[in-house]
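Dropping the structures in below, format is structure tokens.
The two complexes that follow have chain A in common; it is paired with chain B in the first and with chain C in the second.
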Partner chain A sequence: ITMNIGTATSEENPTHSYLGSRGIWITYVLILLITHFMLLTIPFFSVAVAWTLTNVVHCVITYFMLHVTKGTPWGTPEQGKARTQTQWEQIDFGQQFTPTKKFLTVVPVAIFFLASFYTKYDTTHFCINLIALGFSVIPKLPQLHGVRIFNINKW
Partner chain B sequence: MARDGFEVAVNGINNNYKHSNGKSNGISAYSNGHKVNGAQSKVQSTKSTPTFKEHFEQTPLGVAIWTYLGYAILVVIGQIRDFLRSIGIEKIKSCTEPKLPGFVPLFQSWESFYTRNLYRRVRDCWNRPIGSVAWAEMDILERVSYDHGWNFELTGKKQRVLNLGSYNYLGFSQNEGPCADAVEDIVNKYGVGTCASRQEMGYLDLHRNLDILVAEYLGVEDAITVPMGFATNSMNMPLLVGKGCLILSDELNHASLILGSRLSGASIRTFKHNDMEDLEEKLRFAVAEGMPRTHRPWKKILIVVEGIYSMEGSIVRLPDIIQLKKKYKAYIYLDEAHSIGALGPHGKGVVDYFGLNPKDIDVMMGTFTKSFGAVGGYLGGSKNLVNHLRVSSHSAIYSGSMPPCVIQQVISSMKIMLGKDGTNEGKQRIDTLAWNTTYFRQRLVEMGFIVYGNEHSPVVPILLFMPGKISCLSRECLKRGLGIVVVGFPATPIIESRARFCLSAAHTKEMLDKALDILDEVGDLLKLKYSRLKRQPALAESDNKELKNGTRNSSVSTFADLCTLSMKIIKTL
Partner chain C sequence: MYDMFQALLQAPSYHLFFEALLIIWIFKLLFFSKAYAPESVLTEKEKEELIAEWQPEPLAPEIPDDHPVLMAMENNIITGKPGKYVTINGKSCVNMATLNFLGMAGNPSVEAEAIKTLKKYGVGSCGPRGFYGTMDVHLELEDKIAKFMNCEEAILYAFGFATIASAIPAYSKRGDVIFADEGVCFAIQKGLVASRSKIKWFKHNDMEDLERLLIEQAKEDKKNPKKAKVTRRFLVVEGLYINYGDLCPLPKLVELKWKYKVRLFLEESLSFGILGSNGKGVTEHYNISPDDIDLIAASLENAIGSTGGFCCGKKYIVDHQRLSGLGYCFSASLPPMLATAAIESLRLIDEKPGMLVELRENCEKIHSKLSDINGTVIVGEPISPVKHIRLAEPSTDRDFDVQTLQKIADLSRDNKVAVTLARYLEEEEHKLPLPSIRISVNNQLSDEEIDTVFTTLSEAFQKIITH
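Entry: the complex of A and B
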């Protein structure tokens, strides 16, 4: 079973641009809102716990999707150029400070602010949210482009 | 390649096209969400230049959001299924490898995620086996899958369907008629294969006749033919440009042109699809700045474009490119794979369509696959160019030459098109194709589908957007007797999956009406009529459909305006 990608046109790997296409930022925020509301409806969680959970769940999922998963979920005809690159490194061909990258960096920060407000700056929640923020924002720094700490996830 | 990061003043061509297809990042500057691509571009050409109307309506925002949600749900379910397979609850039906200690794994299962979880479930829409000649109608062998797309079984039944998927623009894919008779005679005379390459004993008088005929058809000095269409580009572009040259190729060029450009070793820069201002900027930059570090002038600048782009249905702006080429002393390589035979009052391609002089194009390339019912390609140009190609072309030296039966098919069909067989069948075919194109496009637009491309191009893509609708359209149309080609992500951008129809001179009005009725029915069933343009309908009953579209989308358009405003605010951060 093989799909035909990049055989008709020259678009070999659409990973570099699909996060900038029309309406995807809105969809991202929408999915986030839906998840948050779902967490809020669970009666055992207080508002503070729901916000911290949203932050942590968001951080874990985006960390896994953007900074752990390497390569592409489809076979490309470009012979594995992107196989060792995480999705974050593939966005916009590795250029820094593009609108997509700015947006994806701003969202975890915004969630952190909102979570801090709704948890009334409680210490435990703050620590958890800060660690989540760290995991969200630090891998997105341009200095860490292509860096693999302790060779984890290198190949 | 992409971003050079320069700013050059553009004061060249005085055409005012707006950009086609809002692909910019969440920003849209129009309230009703569509842009018309150069409704009347002020090209300086002969009076036979047709009005250039190309249209790429922007994806409606609500539809885009639903599309992303659809893909997100599919990915989540795929991850769950993969997890179940990994812990053993679900059987693994794809190929696996034994885990040998110390060996690097052969397959990376993430790379086949899409194929395994998304494509596999709907793959009965592609690679359908055909049991007859692929003419205006064809027989499709029925397949059935009992395990959701892992394995197929043929039931033994055949279904006769209308064929809107084959590249058969002039209807020459027949197994009877003057072409087929001539081919039979030639097989009796020359055998089936030439058994040698062109530089050795494989150069028959038939090849020479074909070269002369192709040159006459195109209006150039000489031509050379190659037995494989893809290889015409990939094997011969390295002979034209090399290291120290610059290739400016369109964003959406075919894979054969990309491969040829890469193999040549020249520097490659892409310009936005059919965007003459972008091309002029890049030309000016190239001429002014030269090579990247040394700033020496480029040895050659080659602009590579196609006649008709088969995924978009757009036609290249050839008059503007020729103007640019003459101004900046570049060369142009025109790949007419889809446009030769399909465009122009005499069927001689996009040069004929615009009424230009073929001597202005430095390298004219095309294939015989689409319009002439054969295989192979040609390269035409000046005598010096073709002599150089004859001596050093990789395809001439190393690959077997074109078989005699294929040559005869091309010769017969070209003679019909030139009118040399004494009838006016060639002219009839061209006129039928042009009429079919206009009629089909007009009816689709009236029905309310989003149709991409130039109004005169026989390639008609309609947009489907959502992943579920791609497979549903294909299956529903097949049920009702219509065979179409659908394309989805990642072969197209994520919010632009489409069905692509290729019209043919073999289609009669009754066949087109039948196809359009099926599309109408399925379009209503799947709610595919997304177009929000206010068009003046020719038929009175379309008024109801326009009203439906208008009322449904009023809430979405205000939501869209709200979103564009918020995007603008975020962008300024």
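Entry: the complex of A and C
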């Protein structure tokens, strides 16, 4: 899949398809694992804290990348439709329940399960992980497509 | 690991319940949800309403029927050649309007050369310079211009306006700095806009203002030397300003150029073939070598009586425009008969520099005569072939002044002296000059004709102003 932009034979907006491109899911999981291992190597963190921290860091980074940043770093030939859309809304041209979106929804849930297991179902950790899960999954629901609460991040 | 599984068995039930719900939800998401595109938010009724409400904007703006330019076009229909005398609406008038300073448009030997070329090459060149549009006459004209101006090389454009408007953006890009005089002509303004550079305007012919801007720029450069190293700086001026009729102070500009290290671009449309003892322009007038000027651009549409324009300078500077000058690469080249007409005009100027002396004398005579008209201010140098006559007491309404001057111009046209108002795109000029009647002098006017011009104009002014 070529990702040219701005030429005659270019992609209109690679954002819609790059998260489904070849090897990206494995890369995503690998980055997650590497982050987790790096957190585990820090001596002051217990296993539980490392898992919760992985969950939270993952949530913050993906929330920012997928639901806060809008538009594209390059100019698109369609008349700026993507300028007000977050990256999540641009994936697959706004279609819901595509494979990429399903994968990206399942990963935070899987992390939540693993984190709950490794924190031995401790209550405080549960609360933190639940909040992280909420921020990861709720914006991905199709009912929240294009919704801006209190007009934050509208333009 | 063992204690992990122990903890699982002792997990709080709300947690396990929540996880079970999550598992069910994930299962449903993965296997029972089909991909679909969300439908648009508007109902059919809303769509119809929006369509009915829409008022399209007009393709062209509403223009009143008595707009001065429309009236001028309808009332001034010319038949025949516009030489020293121009036939407007059947009446033959002294032509003080077209920029035919040396009478080259209508010159019989220039026309003979053009007709010879027409018979050899046909009319158009039908191609840009890169696509079989380069003919030997183009190369000959470029060579002749370069020799005439004592420069290494010249490049020829097919449209005078596009010459300077292509030359500036070929060298100056986004992030560069251009110091430009506020009174430059519209073509230069468009070139500056196209270059996307930072434009610093200095007051017309005000060298102190320019020096202040240059010193500011030098201070900024000291703060950020890395950025300053990659910023190009240019100075764009006209030799003789068409909007004001005055010369630029070239010696001071050259001094500032060397002191503050800016590249000087000189636009000589109104001084090429007019100033200097051999017609080489404002550099000869001030006795400055053209090596001090980085690029001289001029239009061949004024004194030379052809079309198109040229840029000349050092070879490494001018050669850049062969690939970067957009008006050169992407427009058809000059029609060959106009190129030979220009060659012949240059040859005539070389042969008879007396024409320039006649022109200068006529300019000075007209200047001194026109200064005597009551109620007017003459703007321009005495040796400038283009003079602006402004109202000495302008009203606060520009449109009213334009109408007054138009009435004066119409009256003088009815009395067989054709003059025009200086026209501008009022919304688009950077610094709109005051309304004026623009007089252009040519070298073929005799003393009686100059007297006629003076009497007609002063009567017209008298009549309309005191009315």
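Structural remarks
Following the convention adopted for this analysis, the second predicted complex is superposed on the first by the 149 of 155 C-alpha atoms of A that agree within 3 Å, B and C clash if a C-alpha of one lies under 4 Å from a C-alpha of the other, contacts with A are read in each partner's own complex, and residues count from 1 in each chain.
The rule is simple: a residue touches a chain if its C-beta (ideal position, glycine included) is under 8 Å from a C-beta of that chain, and two chains touch if they have at least 3 such contacts.
The shown structure was predicted, so the numbers you read here are calculated from the model rather than taken from an experiment.
In the superposition on chain A, contact is made by A:G75 with chain B only, not with chain C.
When the two structures are aligned on the shared chain, A:V106 is found in touch with chain B and with chain C. By the document's definition of touching, of the two partners only chain C reaches A:F117; chain B does not. Of the two partner chains, both chain B and chain C are touched by A:Q95. Once chain A of one complex is fitted onto chain A of the other, the partner contacts of A:F126 are limited to chain C, with no touch recorded for chain B. For chain A, the partner that touches more of its residues is B, with chain B and chain C as the two candidates.
Applying the stated contact rule after C-alpha superposition, one finds that A:Y18 touches chain B and leaves chain C untouched.
Contacts of A:Q143 after superposition on the shared chain: neither chain B nor chain C is touched.
With both structures placed on the common chain, the touch criterion links A:R83 to chain B but leaves chain C unconnected. Residue overlap on chain A between the chain B contacts of one complex and the chain C contacts of the other covers 93, 95, 99, 102, 106. Against chain A, the residues of chain C that register as touching in their complex are 3-4, 7-8, 10-12, 15, 18-19, 22, 26, 29-30, 33-38. Across the complex, chain A is touched by residues 2-3, 22-23, 25-26, 28, 58-59, 61, 64-65, 68-69, 72, 75, 94, 108, 110-116, 119-120, 123, 249, 251-255, 257-258, 270, 310-311, 487, 489-491, 493-495, 563, 567, 570-571, 573 of chain B. On chain A, the positions that touch chain C within their shared complex are 92-99, 102, 105-106, 109, 112-113, 116-118, 120-121, 123, 126, 130, 142, 145.
Against chain B, in their complex, chain A makes its touches with residues 1-11, 13-14, 17-18, 20-27, 30-31, 69-75, 77, 83, 93, 95, 99-100, 102-103, 106.
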